[in-house]
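The same chain A turns up in both complexes below, where it pairs with chain B and then with chain C.
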Partner chain A sequence: MASNTGFRPSRRDLLGAAAAVSATALIGAPAIVRAEAKTLKIAKLLPRSGLFAAAGQSCHRGAVVTPKVLADYGYAVELMHIDFESNVDVARTQTERAIAEGAQCVTGAFESGATLAIAQVCEQRQIPFVIDIGSAPQLTEQGYKYLVRNFQTNPMLVENGLRQIKDLMAATKVSFESAVYVHANDTFGTLSRKAMDELFPKAGMPFPLKDSIAYDPKAQDLAVEVTKIRAIDPDLVMVTSRSSDAIKLVRDMVRQRFEPKAIVSPGSPGLYDEEFYQALGPLADFHLYNLPWANPKSEMTQALAAAFKQAHPKNRFEVDCFNAGFTFEGILIAADAFKRAGTADGPTLMEAVKATNIERHVMTGGPIRFDEKGQNNDITSAVVQSRHRTPTVVLPADVAVMVPVLPMPAWQGRS
Partner chain B sequence: MLAIYLNVVVQGVLTGLLYGLMALGLSAIFGVVRVVNFAHGEFAVVAMYAAFVLFRVYGIDPMWAMLPIAVAFFVIGYALQHTVIDAFVGRPDHEQFILLVGLAIVITNGLLLVFGPDAQPANLPYAFDSVMVGPLIIDEVRVYAAVAALAVCAALFAFFRFTRTGTAIRACADNLVGAAVVGLNVRRLYALTFGLGLACVGAAGALMITIADAVPSLGPAYTLLAFTIVIVGGLGSMTGALVGGLLIGVSEALAGFLVAPSMKSMFSFALLIAVLVLRPQGLLGKKPA
Partner chain C sequence: MKALWGEMNGRGRVVLAVAVLLLLLAPTVATRYLVSVLTLIFYFVYVGQAWNLMMGYAGQLSLGHALYVGVGGYVSAALWVHFGIGPWLGVFPAVLLAASFGAAIGWLGFRFGIEGVYFALLTIAFAEFTRIGFDHIDVVGGAGGLFIPYEEARLGEWWNLRGGQLFFYYLAFGLAAIAVLVTALLARSRLGYQWRAVREDEAAARALGIDAFRAKMKAILISSAMTAVGGVFYAFYYNSLFPAQMFEMSRSIELILGPIVGGLGTVFGPVIGAFLLTPLGEILIGVTEALGINAPGAKAVFFGLTLMVIIYLVPTGVWPWLSKTLGLTGRRS
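And now, the complex of A and B:
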């Protein structure tokens, strides 16, 4: 006999309820797993192919050895290695995909345009994003809550770079009469140019900046650019480049027999990549770059270098240490926060990331800490010179391995 | 300062000759077969990789590798026209466009699969050498490449001017019906022309590797460059292609020097727009009847 006193579910109601429970479980499961995980799952986004492939691969080599080194320090991380093909749109979609596949934190991404795209996705999904290399100032100026940056901004890079040119002049007793600034017209290059335009007049440099020349990094050659530099005839050329265009620049300088006293990068890569050394041979020596560098006296740097050499016997840590070091530190920051937070829940993990205070790390500078905008202001730079195709710290004197050579020797007769 | 200006012009002329050779193939194919090769730049990039491989693996200098590459490209062009493109001759433009753009995509992705996306420099032993001519400093590689480009152009002009086959091809271009009526094998002549067009691209690509690194993604840029040149010079005019190449090469070099290097491409497009407005058939092109 049927009851007429209470609710009696039909088969359709039961099926509906079961479907609702299943859907809730499916939607909620990743979040629960995310929060309860014992190992932090980090999406490591890099431009491992395309225009920035050389640098992306260099970062990747650092990323590959990081979990093992961190494990020795008591951190547990699992990396999802993702190539965004030096393409901003791919960076955005790959970040979405990585988060959908369970990434609890994101680090990267070397190129500022792609880094901005990744930041937007992480902000929407409330997933912490640790920028390991990416210098566009706006990254930490747009009020993102799920982002920190363990890297110098373009103004910081240029300001430190200019200051160290003065240190270089004082150390070598070589003076410059005039300078030209040459830069790629990509995101990194144009932001550096903006910083240079603002900071050079304030820096009190003892020589004038005669001109700033932008070039297309995808250009087949830089012959016209070099002719333009040659017409100005500066004795210092400051460059903001990547390795592929730095090769073209030096190649055309040699062809046109243009010999400045120094080629200095006030805070950009390009002049020390393996690709640069291999393409130019002895012509790759004596260029200078003022950048944050791996601290050879740090115990953690030594551990990273040892693991790197074991995993990549064909690659040199000395060449990769800038990219590998910052890549390592990005993952270290996430792992350290996860260890303190005890959860991978996005908002809680982000709180822990913001409270970071790591004394023991790889790159030059003080403890890793972030200001209210998420910027680490304690990273310092060194003056590094390529010697025998190896980046060698030449200033400041307390960490220098060799003394700087200025003016650089003539192109002809190098071996 | 005058020497610097002269140097810029000389650089532009040398680069322009190479551009001209690349565009020559496109112009020859369109002038005779009336098919616009939208995969033109991609074929140039294939030739760059062929020269790169021959140099890296067998140590054959690209200046010499240019000859077998041109021959191979002639065969490929002949076969391609005979087997695939011939069916599209006379069909609507959009069908030809889709066919050749599809081919371009296949080539680019094939190169990506085989060589990866990274730039591959040939690193020739004389890549850094230059010669001084009075106050001018001229890159040796550019001089070699430009001389080789001129030689190929001269050979092609001589072929069309002085051989019976060349004359027959010109007859096809001038009056297709008349050529067919007098018994010329139009299909075979079209295939020969397509082969010759690709041989030009093959030679140009082999020479390009001496001044630029090979990258799969270069194809569309080269196609666009070749189009700009042939439209400026006159679509279908082989002399126009050479003149267009020189104009684009020199204008880019001067604009880069006098205005801003990063804006030099803008000036070639400005030149293109000016030609389209003032002389739509191109500088040396014939007015449509």
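And now, the complex of A and C:
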């Protein structure tokens, strides 16, 4: 066949060209492989707008500083920050997009419906998915092979929260005669109530639970609910709330001059959000919340806190550390697995994720490890108390930076 | 098919045939991301078309259509999870229950003369109390949600809707195509003309001997039943259902935006609306990222602005303008 260009390569030319290509490939291939294996590309999916925007933003602040902190520990990650708008449909399509654009691992996603939508895509694409926040127990019960969770389930949160109340009583020598449980009637609150109903009788608590009172978090005030609590007059009020309704709850307690010995959240946010502190001032102090928390004595936590303060001078790490800490750990798990596996190939990376054993990390608890279902069962809760409008770890003693104050001081006379 | 064909002139038919062919072949060349976006578009075409029958043709404003999606999804998922009854069978009780809700709303609204915004409020109220009810029904997981287990062994059981992305793409495409055909058929039927008469002037329609109550009841029954089928698809596509996720008013609004933007009371309005809005959302995500706008919610702002511009420029919907501009429809439409 005649060449149109007039150039007819000889057999020698072709052999030469082939040899050159082969040599380039041989020399270049390891470099390419090395380049591919140098950095792990992680899609970080968060609800940064929509219903869960506040929590998503808080997590995002942690995610932003994570690559820099991890780099100091010898991990190389590149993050794709994706807002799924608190919308399940967007979560699914954006996961597909992230993977199409080269994401080799996915972490997220705070909200259970979206988390499951992401899990399906990851399962089909054989991409590891590290759940950093997501408490629905079913997430690790559905049989997904490319999913692990570094977070407590709802029952774990409540169970650990109750256990910490006993520790608190032992540490302060303050006893409670009775308790009332007050909870928002939203998804999280209703799930917590369910867990409380199941777990309180089994927990062997040294006081009876007199009543459980549900409330609408969108209500204008919680005067009726507080009146009900006041009528029972418990020493301990356990709450599952969000920040806006926690503000209403405390305000109505102050108005009605109801002063229990303690207000404790056995595993929910609300009592430590920035808006809670700003709205209530000194009245926001001395509330307790039993949650997994950033271990203030961990070197990695301190490194994360320093980076956080530098990157977000207007936000306090102490307030954001629950969300930021778990977000950081989710990325750490992926980065550590990648370092061990030496490849971003999905199945191999997932094997490494499942074999995770990280002793040095941020949140309270033992080494990060996963059971056969992908659940980390070694996360422990701490008792955290608001002191000078700052969440402060007060128990367990090995991670505490202050001792707990109980009973909490009267509403009047606080400064 | 004849009814659909009759909606368009020669050029329109060619465009439609080419579009259908391209969509059928799309998965062979498109990325999985694009396929997932198209799947979502078809879903919105389907549920949008179901709502269009009620609002666009019969003139009854429902702002609680998520109710039927939720009921359809929950019934079929619960039957599958608890009794192993597959969705092809489960769809019937799902449709029946959703239509019962529709009948209750319709009877209350139409029998007692609750019209316009008050009827819309009634639909919202039903969706809202159903959401609260589902929050407390333990057999479907309550507020904690109902999860359809991911069983690897069952993957490929298309008859149980246990398939991959490609399967759901063609299923959604089929549903959307059926919805368009049904709408075209109904639009040209006696019932369709009755709906339009009731929509334009109910008193005049009654004077002409049309049983307005019956016509409106048929609209809500057909619409709720169709929407419930969309709920079955949704449940098995996402494998999880939460009351807040299924029954929220924002879901109802999402569902009706397509027909409104595309053109109410037209066969292709919901199709064009869905093909505009869903990709628009995705494009805006890409654009805001490319522009380096790291402000969450920026996309929502742009989305809202774009909608305002579209509605300002083509207040009767995109399809009537588009079909006229491109000369796609004949005199009859």
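We take it that the second predicted complex is superposed on the first by the 349 of 415 C-alpha atoms of A that agree within 3 Å, B and C clash if a C-alpha of one lies under 4 Å from a C-alpha of the other, contacts with A are read in each partner's own complex, and residues count from 1 in each chain.
In this section, contacts are C-beta pairs under 8 Å (C-beta built on N, C-alpha and C of every residue); 3 or more make two chains touch, one makes a residue touch a chain.
Please read these numbers as outputs of a predicted model, since none were measured by experiment.
J.: For A:Ile247, decide between first (touching chain B), second (touching chain C), both and neither.
T.: It touches chain B, and chain C stays clear.
J.: So which one touches more of the residues on chain A, chain B or chain C?
T.: Greater contact footprint in residues on chain A: C.
J.: In the superposed arrangement, does A:Glu85 touch chain B (first), chain C (second), both or neither?
T.: both
J.: Looking at the overlay, what does A:Asn185 touch: chain B (first), chain C (second), both, or neither?
T.: Both partners.
J.: After lining up the shared chain so the two structures overlap, which partner does A:Ala53 touch, if you call chain B first and chain C second: first, second, both or neither?
T.: both
J.: Applying the touch criterion given at the start, work out whether A:Ala410 contacts chain B, chain C, both or neither, answering first, second, both or neither.
T.: neither
J.: What is the shared patch of chain A, the residues that chain B and chain C both contact?
T.: After superposing on chain A, chain A residues 49, 53, 85, 185 contact both chain B and chain C.
J.: For chain B, which residues are in contact with chain A within the complex?
T.: 1, 4, 7-8, 11, 15, 116-119, 121, 123, 127-130, 137, 139, 208, 211-213, 221, 252-253, 256-257, 260-262, 264-265
J.: Within the complex, which stretch of chain C touches chain A?
T.: 31-33, 36-37, 40, 135-136, 142-145, 147, 149-152, 164-165, 238-240, 242-245, 281-282, 285, 294, 296-297, 299-300
J.: Any idea which chain A residues touch chain C in the complex?
T.: It is residues 48-49, 53, 56-57, 60, 81, 83, 85, 88-90, 92-94, 96-97, 99-100, 112-113, 116-117, 119-121, 123-125, 136, 138, 141-145, 154, 185-191, 194 of chain A that touch chain C.
J.: Would you tell me which residues of chain A are touching chain B in their complex?
T.: Residues 49-50, 53-54, 85, 185, 213-216, 218-225, 227-228, 230-231, 244, 247, 251, 254-257, 279, 283, 411.
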